[in-house]
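Report on the following structure.
Residue numbering begins at 1 within each chain, and the chains themselves are lettered A, B, C, D and E in the order written.
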Amino acid sequence: MEIRTDSTSLDIDRHEGNLIKELRSSSTKPVTEPSGWLSEDLKRNIFLTTVDNVLNWGRKSSLWTETAFTACCTFEFISLSSSRFDIARFGMEVLRSSPRHADLIITAGTLTWKMAPQIKRVYEQMAEPKWVIAMGACGITGGIFADSYSVVPGYNRILPIDVYIPGCPPRPEALLAGIELLRKKVEKRSFLQG
Amino acid sequence: MAIKTEPILLNLGPIHPSTHGVFRMRALVDGEVITDIEPVFGYLHRGIEKLAEQKSYRQFIPLTDRLDYVASMNNNLAYVTAVEKLAGIEVPERAEYIRVIMSEIQRIISHLLGIGSFFNDMGTFFTPFFYMFIQKEKLTDLLEMVSGQRLLFNYMRFGGVSHDLPDEFLPALNTFLKEMPAEIDKYERLLKENEIVLARSKKVGILSPDMAINSSASGPVLRASGIEWDIRKADPYSIYDRFDFDIPTGTVGDCYDRYRVRVEELRQSIRILEQAVAGIPKGKVLNPVPLRFRPPEGEVYSHIESNKGELGFHVISDGSDKPYRLHIRAPSLLNLTALRKMLTGWKIADAIIIFGSIDICVGEVDR
Amino acid sequence: MTVAITGEEVVGALDKELKGAVKSVESEGILVQAEKILDIALCVKNNKNLKLDYLVSITGTDYIDYLEVSYLFYSLDNNKRFTLKVRLENKSNPAMPSLTGIWIGAELQEREIYDLLGITFSGHPNMKRIFLWEGFHGHPLRKDFSNGN
Amino acid sequence: MPELITVGAAISPNLPWSDWQFGFWIHLLIFGIGIISLLLGSVIIFIWLERRLVGRFQRRLGPNRAGPLGLLQSVADVIKILTKEDIVPSRADKLIFWIAPIVAFTPVVLMLAVVPVADGALLADLNIGILFVIAISSITALGVFMAGWASYNKYSILSAMRTVAQLVSYEMPLILSMVGVVIIAGSLSLNDIVKTQTVPFIVLQPAGFFIFFIASLAEINRTPFDLLEADSELVAGYNIEYSGMKFATFYLTEYCEAIVLSTLAATIFLGGWQGPWLPPIVWLLLKIGIVFCFIVWIRSTLPRLRIDQVMGFAWKFLLPLAILNIFVTSIFVALWPETPAWLMGLTNLAILVAYILFWSKLFKPGGKAVAV
Amino acid sequence: MPFSRFGEGITRGMAITLSHLAKKPVTLRYPEERLNVSRRIRGTELGWSPDNCSGCLLCQDSCPHECIQIEVSGNRSEELPAPCTSACPANVDAARYVSLLEEGKASEAVAVVRERIPFPVVCAYVCAHPCESKCTRGDLDEPVAIRMLKRYAVDNDKGLWKSNAKNATPSGKKVAIIGAGPAGLTAAYYLARKGGHSITVFDDLSQPGGMVRVGIPDYRLPKHLLDRDIDEIKQLGVIFKMNTYIESPEQLIKDGFDAVLISIGAHSSSRLKVPGDDDPRVLGGVEFLRPVNLGQKVEIGDRVVVVGGGNTAMDAARTAVRLGAKDVSIVYRRSRAEMPAAHEEIEDAETEGVKMRLLANPSKIISENKSLKVECLKMRLGPPDDSGRRRPEPIEGSEFILEVDNVIAAIGQKPVIPEGFNFEQEWGNIKVGDDMQTSVSGVFSAGDCATGAATIIEGIAGARRAAQSIDKYLGGTGDISESLVSDYNGQITGKNTIFYSPRQPLPMVDIKTRTTTFHGAELGWDESTAKEEASRCLKCGQLEVTRYRLDGGKCIYCGLCLEACNFNALFMGRGYERTTYLLQETILEKEELTVNKKIQPSAYHHPEMENNLPAQTLLVEGKLKA
């Protein structure tokens, strides 16, 4: 529906309400994690060409995060990019707010059903090699709000998650450990996977 | 002859670098000027008040941390004093002092973040924010030493606090209190007289005194409009009547005054902390209460001066171990009542600054 | 100390025909009929020695056989507190006049009560859901709300 | 073929290949490749320098994990951005969407054609050097506007509007401040300007340098005028919809503009390649680095101005100052050509300070709320 | 105008940012320089120790959003002593008999109680129940009413214990016991049954029972029930010599007794020590209760004041009410929280019309012919003294006068030791070594006269120890334990969830009969309420935890479960870098929780760890102190 300026705010709300209802009814099972590469390593350890290594090194050391922060974990991410736990050392302090430039979503906060379509849209707009870190209990299973009527029980209902970081909120070093884990995953990504 | 312009419906949407979380403003924009703006809430509505009705009184304490996640100690204090007032539990002397210390430390942290993000919206590329953040990290160390967590503490219990202060807490707090005034003077030199800051925030987004009262604003937003109303003085809870401090108020009620009031409140909190650290007695810190204790049937409204304003808990108990109804008076939500009147007519750049100066926390707005 | 004004003082201050609207008097507040709330609120706000000009918070509660809305006021000048309660018997579509005319602060709180409890406030400038999305069935804070998660 | 040679001779007489048969082509080749590689190399270095410097200003370390001291950080950024998926919005105006980055990037590189790296060593020793620079620099505004308009996104259209307003209104003070320099140097060619700078013009023309530097800040959208992609307001300005290769070019344009304008400032006001012991090219790079660090220093301290305040500042404050500056320098050059340098500089400085104090009393930054 | 001092503010700001270039960055070089987190950090490493865990499910109940799922089942391989059992001075296995009562097996329950104490009926009615203060259920809502359950068991006992009770072979030794109180009779019971010695009990009162007979009024413990316990002891062939006053134990040794046990209790109440307390109308607590309990007629005025806050004061006040006193009030110098009497005794006294004048203390008694004027001072609670109770300080000038007819001083009892007992004494009690032997060999002592005025159960426990050492002294094995009920094979059914349910109400007789007659005030329970109350028991230490699932992804590490567990079974580690690729790895089953013993411990809610963990890295001193 084309949202024109003269359409009253009520039917914009109603239109968004339908989007939310569709998403809620369609996302009942968790999306499986893209963890195929874990087993692949054991089966036939794919040979990473030097081109792969250079590309992966480039992607690994300049992960730009999308400012899609929702709630309390935001402040642990901010203290991560502040002077004490400086994440700029890993080249990650560039916070791009447009999904086109970012290639990592950190789910900092509780996801409600009203917010779910926005997050899903941002994820789909992001340019391809993209990753998702589920940060905090709300990101993994909905945490303390899991059985509330308006909270998505875990981001994996709408996004494929690469790394889980338990904690509420996880300490900045736990986030750094999560990012280290993600960088290991990016290193093992072969060009064939696209 | 006015040029015919066509308004754009612009979404300062839930995902936006300077909406302090997931807050959305649908602005009808005519060029740069905002003709009409409609705030949209609910992107972080977790239904905390409904969850409260399924949890016992003690199990609800960790949920209060997540209301205004920058003022976790003050949320605990508000909820715990409400239930203590309802059930008539008295708190040992040392626990009262510890509560005041924690509440004031939390106020300093929240104001530092509030001022820092106000200047972030104005465009200083995170520099003053990170200077204030270094100070905040020192305070976070202290709070982590006491409660074991950095942001959401779950520290206070009915009848006192869950753990006593470790012995190296007070010396560390004293060194912090000695060096903090110099830091605040540094921020003042960096920002107070800065011409661009004056140009951007003087006489911008003015909230007149009677409009502030009528739209039930509270906290720094109300005091910036010149009304001297602070719960710690008007209705002293815990042991605030033993400390002497004064209430900074602004004159015009614009963004600059709100910023000035927050900086002055930093200094007042330091004054309170000094007096509290000097006067803290020895003794036990908790009168233990059973896990599923039953307050008597009845209703209580108890409020404290949280960082964003008057945070009130209206607890209705039917004598069982779960609250029958628990309403949270969120200062951030009520400070936004006058948002539409404050923003219409200004440009988008000003809208961001005015919204930043109100300093809301979305966790408390949407509950 | 914020001292509570007792119900009797306020009833005394109300003029005659409003006295009929007062259903019961409690220590800290009075229970009034839903229809008369506008003029009682106006009288309470403009009365010289009451001067309750600051609306603090509105709480809606579902007491199974009726819905109760309680308004809490402060008078900033003489540091007084007062509660005004209203009970709505019919739970199918409860309605009562909105106070946004007198206090703008009531706007968002009444929208919240409409959203979570289902009480419509007539005369409200923007009566729609504040937290939940438009097509959400039911009102969560009702005691009979089934958690459709 | 002979006219080729004569044309070649006109390039720069004292270069070894100026009299070869294909000297002209070799000259073009060497300098073309030289400029491109120098520019891209310095962009990589300066991106890294800026992130380290901003980090140091905020008492934290900048990038230091990608390569020794983080030097390969910008290389990693480039590799990552180039191999990103390149998304073109469905409703975008495909052609303009595709051309916009090119139109935005090429003028920036062209401007370096007239910048002398050593005595006489420049791609094209045009005697109308400054005119060429000014003409080319206004094309980037067009490129940015095309990007903003083509990506069919409300935010980018808004930021495109702001671009046109800001860049155009800051062209005027930029040009007029250079006019002062041209009056003293007597020639438009950058090489001659550098040669006449026995005393760097910043000393002779402090007001000119002040206006030039502030106007160039606005040209390259750096704080306090970075309204174009004010990340706290318009999310990411005109390059919201761009990703992958196209976004890399815009990211490159932003930094190339900064470097080019600091080279201009260096050549025109700080005496280009002149310097006592070090070879001329090193002096030039050093001066560029100093000006760039000054820009980064400003970026990490000052907040942003509102769009109408930016406009008011350009038209009501910089423009009259520039005109006054031209008027005073022309009096000096016309009536007392042999006045000592320090006297001329001192009067210029006095005018600048007096002007600032007098004018800031009357200056009103921007309008109040518009009655709606 | 904002631009009036153009440039001055901006330049000062630029100078500050420049000054920061010189300062050393505060960045932590992760992972080399790891932060030393606070000792109390609630890290994301969780540990659970199966041997400490008692299966009481408090952690599962206190978790705000059910991250812990526990499944418990049947008998535990080796029993963990339940807190209520270890809290009882005589170690009565309360946990076992409550779970027996859940299935309504009253006589087996009494057998379990009889294994440890010979006075099940006395303890069922008047024990000070220290076990209930340690009951884990008390942490949840209200403790299990263990004493009332014991009373239900005793009321419906079929005497099963007698069938498998075995008497020892007579040893031919003779033991004399001075004082037929609970302590003396317990020692007599065990020495007779397990030691096989012939016992002679001397007492100067007319009937056996000691303080239980003369100190405790009928409405609390009807006398015929006391005789039921004492008859069991008489059947063992114990010779009772009443109304005989023993001058010196040495004389008994000479008369041929091989050992003597002194258990004469503490029968004289201490005096008020205020001017005018020698008036005949001022009575000691025990002196007032003894004639009433022995059935003699006691005259008492209408207005009575009882000084003191212990159980004796409550008994004196409620007895005064039953004797017809109109206005009875209790004066106690501390506040209600510090009163040593059991809180249900205080509530019963109040419901029977006794007025409480707390924070007051008599300072002078003026005796006039028709009434007594007691002058009292108001008190204020000062800082706590070494015993933890807050010392009361009188407030000058706050005197008030009470017009009364009688004053009863129930402020403590002291033993009356005759001159003939010439051995060491300590603060007025008989000094005994840890084998309960006095300074004279062969003469032992137990009960109130050795420990000072204490509860009945402590007297019985002391007597058990004395019986063991006497049996050893006389050459026996000293083992007096017995198992009267077949090894319990019933399957204890564990519940996987606990629900909030308050204590069953204690049925009381109507108020009129309580204030006029001496009939029993408390009524017993019927079978269904007893079962209901017994089902509230969490069976700590009797259950085997078969599954302990903790969802690490859902847990918010708030620490409430650690605070709820008082068996030290749950702990959080200081490690916080727990990140995984797969969701299942965040869920911790029983194995993962116990196997990684290498978790660095955190001191959260483990105060004993506070000092032996590294101090926290503090940025406060401006540098990252290692």
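By our rule, contacts are C-beta pairs under 8 Å (C-beta built on N, C-alpha and C of every residue); 3 or more make two chains touch, one makes a residue touch a chain.
Worth saying up front: this structure is predicted, and the values here are computed from it rather than measured.
K.L.:
Using the touch definition from the top, list the chains contacting both subunit B and subunit D.
P.N.:
The shared contacts of subunit B and subunit D, listed by label, come to A, E.
K.L.:
Could you pull out the chain whose C-alpha mean position is farthest off from that of subunit E?
P.N.:
Following the centroid criterion, the farthest chain would be D.
K.L.:
Measuring from CA centroids, which chain ends up nearest the centre of the complete protein set?
P.N.:
If we average C-alpha coordinates per chain, B lands closest to the whole-structure average.
K.L.:
So, comparing C-alpha centroids, which chain is the farthest one from subunit C?
P.N.:
The chain farthest from subunit C, judged by C-alpha centres, is D.
K.L.:
Quick check: how many Å separate the C-alpha centres of subunit A and subunit E?
P.N.:
Going by mean C-alpha positions, subunit A sits 56 Å from subunit E.
K.L.:
What's the distance between the Cα centroids of subunit A and subunit D, rounded to whole Å?
P.N.:
38
K.L.:
Quick check: how many Å separate the C-alpha centres of subunit A and subunit B?
P.N.:
Computed from C-alpha means, the inter-chain centre distance equals 29 Å.
K.L.:
Determine the centre-to-centre distance between subunit B and subunit C, using the mean Cα coordinates as centres, and give it in whole Å.
P.N.:
Between these chains, centre-to-centre, one finds 26 Å.
K.L.:
Could you tell me which residues belong to subunit B and also touch two or more other chains?
P.N.:
8, 16-17, 42, 45, 47, 50, 62-63, 127, 130-131, 134, 137, 152, 190, 194, 196-197, 199, in rising order.
K.L.:
Could you tell me which residues belong to subunit A and also touch two or more other chains?
P.N.:
If we look for residues of subunit A contacting two or more partner chains, we find 13, 82-84, 86, 89, 95, 97, 114, 144-145, 147-151, 168, 171.
K.L.:
List, in ascending order, every residue of subunit D touching at least 2 other chains.
P.N.:
Answer for subunit D, listing residues that touch two or more other chains: 55, 57-61, 231, 235, 300-302, 365.
K.L.:
Go ahead and list every pair of chains that touch.
P.N.:
A-B, A-C, A-D, A-E, B-C, B-D, B-E, D-E
K.L.:
List the residues on subunit B that touch subunit A in their complex, please.
P.N.:
Those residues of subunit B that touch subunit A are 6-9, 13-17, 21-22, 26, 28, 38, 40, 42-48, 50-51, 54, 62-63, 66, 69-70, 113, 129-130, 133-134, 136-137, 140, 150-152, 362-363.
K.L.:
Taking the touch rule as given, give the residues of subunit A at its contact with subunit E in the complex, in rising order.
P.N.:
30, 33, 35, 38, 83-86, 89, 137, 140-147, 154, 156, 161-168, 170-171, 173-174, 176-178, 180-181, 185
K.L.:
Going by the contact rule at the top, pick out the subunit A residues touching subunit D in the complex.
P.N.:
On the subunit A side, the touching residues are 54-55, 57-62, 82-84, 86, 88-91, 93, 95-98, 100-101, 103, 125, 127-129.
K.L.:
Hey, which residues of subunit B end up touching subunit E in the complex?
P.N.:
The touching residues are 55-56, 58-63, 127, 131, 134, 137-138, 141-142, 144-149, 152, 154, 162-163, 166, 168, 172, 175-176, 179, 186, 189-199, 202, 283, 290-294, 320-321.
K.L.:
Would you mind writing out the residues of subunit B in touch with subunit C in their complex?
P.N.:
41-42, 45, 47, 49-50, 211, 213-217, 227, 229, 234-236, 301, 303, 310, 312, 314, 316, 324-325, 327, 329, 333-334, 336-338, 366-367
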